[in-house]
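So, here's a batch of structures to check.
Each of the next two complexes has chain A plus one more chain, namely chain B in the first and chain C in the second.
Right, the complex of A and B next:
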């Protein structure tokens, strides 16, 4: 085989060396989640001696992780529902219209990629205060879809453009209304696009940190896992076993989804970046 | 725009264009009166987007022109005073230098390594599927989780010092995150570590669509992989490389606030403070709102300028 040659040796070593650097944290977190501080300090990369779930149960107690996981799930699922509820009809309309208004709106959404939203943290905080939703996860359910709108609409519009107009005409002959056309023709055909939007936003929503920190704040009844995690670090002595166990728990859903839907997810993330 | 009940309007307009009439533009064919009438379906999404995203961004410019020494304090118009205060403040310049250092190191290292790694993966060497799976790991891990790993690795009793001691290099052990000589570089290391893999997967996907024949032709001409990588494949995906660079530029510039916040809080002193962290710190920790948003305006302008520059630098020259 021409691929495997001696001159490639440095490339193999470098590529797999970097891959090892990516794997070390995964291993370190998994192993440390079953150790106590002493074992973590004395042999950071050693195998754990027991598989006791103590750290996991303590992470649930100390960090209030049970609540936090529920909140994360609520915010993520709620945010995804609002995103699809807004983006599906919008891209349906933009894909079918040729009018000037539609062109202007599509342009507005694609310019959204250029808006550096990180900078708007403080004004967003004021908006949350003004709407009376400050310190609630509800505001995040409303805010996150807005951040997802440019990518979702642009991506879905491109998928909806591939729907052959004959299908809609046939359905219209049978007396189908506009929303029925969206539901029974456009949505099923755009399924790969919808899957990409859901996966991309699942990652973004589940992992969101800075906005949640400002908007939701420290209330254990409202905060998400990403907010609960750093609270386990303390200047007076961090219990690394508990910290790593909690980290493993927050990574679990993402890894499961990624492993099951690996090809789809890579395709989704790549298409997300390409549409910039 | 009509808000008549959409479901009821269907029967009155039969299919406007017989298939024979549908000539040149396919889009024109489907743009019947019905389609125009449903454009309003895009309005809720647009309104949502304007309220939660565009509005706050515009508000940055307004707040930057106010004297606003704290949430409950009265606001007065300040004109350009905040910008003057910012420009006279050595802390701002320190953060500015740190941001430039961060970009100047992280961006080239990340992008060159990512491109080479992507080229390697795109050649489909043994195990490339596993490699692709692994390279994606940083794209999955949330910012707090990444920071927790670096925190655990770099703390005094952490992984790095532990390994150094095991290797008999204990004298090199440091308090990495609290040492003014290394704190900023720890942040940069996090950027690079996380950035390479994700960008490599993006670029590898693009390289995958470059025809194999191009690479084979190059090899027949006697071009080694090094030349094939830089003078044959790179020009083809130059545009895409530019987009990926732009993405990483924005993430590094704006995202550093979270890394700094979680790892060093800008310390020791202001040794690892960056512009985006300064915006956060002044607004939420020191309640100097006009100052914070004036820095936000600088950050915004820097982001736009950098994006245009990168776009220009990597524009496809046919």
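Right, the complex of A and C next:
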């Protein structure tokens, strides 16, 4: 018994060491949100001397975070809704089809992975200008799902292929139409995959910066958190306490969503369907 | 066989939740006011770098509020960006949705705006509105391009003095503020012995580029320095070559903070504010960010020069071409409202707000900041105290600005000799096609 424990020691050391590697920056980050520059640089890992919310309130005011978080939420939730609305039926159709056209279509979605983000920037800008949606969040709500479709469709298609066809046959015999089959058979069984798609896309949409900078632009009433945060950086001297406080505030929604969806995500990862 | 559950109470609940969520999101996104960026065809749109935690941002916000109260029929929309403003403005201009007035520095990309029609020359407006006399000669000169076009209305300017923490110098046994290169080298050794960084500098950004070019000017008259900055012909100027050798000598003498090639202006200000470094060549606006606890130990002066320098006294730069108000083609179409706003910003009342907010003005005023003693001290430096050398901003071609900043890191990197530094700087100009 003792030998078994000893043999596990390196694993414990590595696991705890890795956990510390992850936790120390998080601690540094949280502690800094309650300090001023002097304290951050003189004792980076020291405990804050007070838990005053001053940095948070200043971050909220200076960075206009109230509007920014709302805008990020609107763009992200809107983008996710459109993504699921398009990806679910597309994956459903691809998963059930066996013809050559379906294979070509599936590969066409996969080709989306090959388009570099930066390469699409200028055409996207021209599209936004031509549609009259430049400097609007609405364009981002429409654009983000387009960027997410390759991953979402490929992932969900793999999940839906694991649904036994007998289930659909039974449903059909009970009088279910195509939409009902999608809603009541495929969607519930693919829920871990849907959760994975939602979580991955949530992180991408929430953290998107480059396209938001160019498309949404400079309007404080429109901009997302990723555009609001840099306004707290000043070349003539940044208040790092305020900056970290603002970053903590903008990370909270990410943490909440991850906490809610992590089990489903883990289930999806171990179920084999995402191992492509 | 599994039972297929068709519409059920659970599904109704889901449908209800989906409808409710859609009901909340759709109006928020589709509501007219929130869907578009709020450009007011009958109002005025300002695009400003004076936002967030930028020095002068509160003064600007208060000024806009006052303007709104006095002009209730002119809705004013304020857009803001930090360092990315120029890029955002340019894409807005391409889409024809640019703001009417842009408040940004004459630097980097904006140097080319008048030439390419991104903004309009304001010579005529300045004359018609009788604002010429309000502007200092230095800024007026630098805001005028090679073709005689006034690129915008100069507003802020920046002093670039050197901050000396006298308490740290005393602790290291340095008597007085160094004014010569020999004194600086001696001070650096003493400071290092006490574990204090001598000169902190953002060797990774524009602040390092400024100091490099400031030191390089030690052996160059202003006319020669301007020519070298325009052309990038560092090898062709004996003064530039000697200046770069001096810079390398200072670096080898331990004058600059460790790993200066990785520091930024932001971290430089932080090191001064936390009294980790004794000396820094700083923008006056950055000095306004130094907390009072550190500021009371700091005196301002110029960069030490050797006996055989072309300048008699320690040097400083005065960036006349700091922030100004540019008029866009959209703004030109509502010039009456633009005029009202610019006249308002040029009024003594508003200028005074900025002065007391810790900014240096490109406009005539006899006021000094009381809240920001270091900023005021920089303003009060005269030719009896310091010699003014050339600020590179308007002489370095726009396309070469960023490559030159990237090349600056080589100068601060240990092991780079003067020839290597010179080659890197010249390569930066060549890569930019300058």
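Quick notes
Quick note on the criterion: the second predicted complex is superposed on the first by the 229 of 276 C-alpha atoms of A that agree within 3 Å, B and C clash if a C-alpha of one lies under 4 Å from a C-alpha of the other, contacts with A are read in each partner's own complex, and residues count from 1 in each chain.
In this text, a residue touches a chain if its C-beta (ideal position, glycine included) is under 8 Å from a C-beta of that chain, and two chains touch if they have at least 3 such contacts.
Just so we're clear, the structure is a prediction, and the values are computed from it rather than from any experiment.
In the superposition on chain A, A:233 makes contact with both chain B and chain C. Contact with chain C, but none with chain B, is seen for A:78 once the two complexes are overlaid on the shared chain.
Using the contact criterion defined above for the overlaid structures, shared-chain residue A:63 touches chain C, although it does not reach chain B.
In the superposed pair of complexes, A:124 makes contact with chain B only, with no contact to chain C. Here chain B and chain C are compared by how many residues of chain A each touches, and B touches more.
Within the superposed three-chain model, A:141 lies in touch with chain C and out of touch with chain B [touch as defined at top]. Of the two partner chains placed around the shared chain by superposition, chain C is the only one that A:221 touches, whereas chain B remains out of contact. With both structures placed on the common chain, the touch criterion links A:41 to chain B and to chain C.
By the touch criterion stated above, A:258 is placed in contact with chain B alone, chain C being left untouched. Residue contacts after overlaying the shared chain place A:180 against chain B and chain C alike.
For the contact definition in use here, the residues of chain A common to its chain B contact set and its chain C contact set are 41-42, 125, 166, 176, 180, 214, 230, 233, 238, 240.
Here chain C touches chain A in the complex through residues 1-2, 4-6, 11, 21-22, 25, 28-30, 34-39, 47, 51-55, 77-85, 87-89, 91-92, 94-97, 99, 205-206, 264-266, 269-271, 273-274, 276, 283, 285-286, 288-291, going by the rule given at the top.
Across the complex, chain B meets chain A through its residues 1, 6-11, 14-15, 19, 22, 26-31, 34-36, 38-42, 44-46, 48-49, 51-57, 59-60, 63, 113, 116-117, 120-121, 123-127, 131-145, 147-149, 151-153, 155, 157-159, 162-163, 193, 196-197, 201-202, 205-206, 224-225, 240, 243-244, 246-247, 250, 253-255, 257-258, 261-262, 276, 279-280, 283-284, 289, 292-293, 296, 299-300, 303-304, 307.
Remark: chain A residues 37-38, 41-42, 62-63, 70, 74, 77-78, 81, 125, 128-129, 134-138, 141, 166-167, 170-171, 174, 176, 180, 183-185, 213-214, 216-222, 230-240, 242 touch chain C in the complex. In the complex of the two chains, the chain A residues touching chain B come out as 3-4, 7-8, 11-12, 14-16, 18-19, 21-26, 28-29, 32, 41-45, 86-87, 89-94, 96-99, 101-102, 105, 108-109, 112, 114-127, 142-143, 145-147, 149-150, 153, 161, 165-166, 168-169, 172-173, 175-180, 203, 206-210, 214, 226-227, 229-230, 233, 238, 240, 243-244, 247, 250-251, 254-255, 258, 262, 265-266, 269-270, 273-274, 276.
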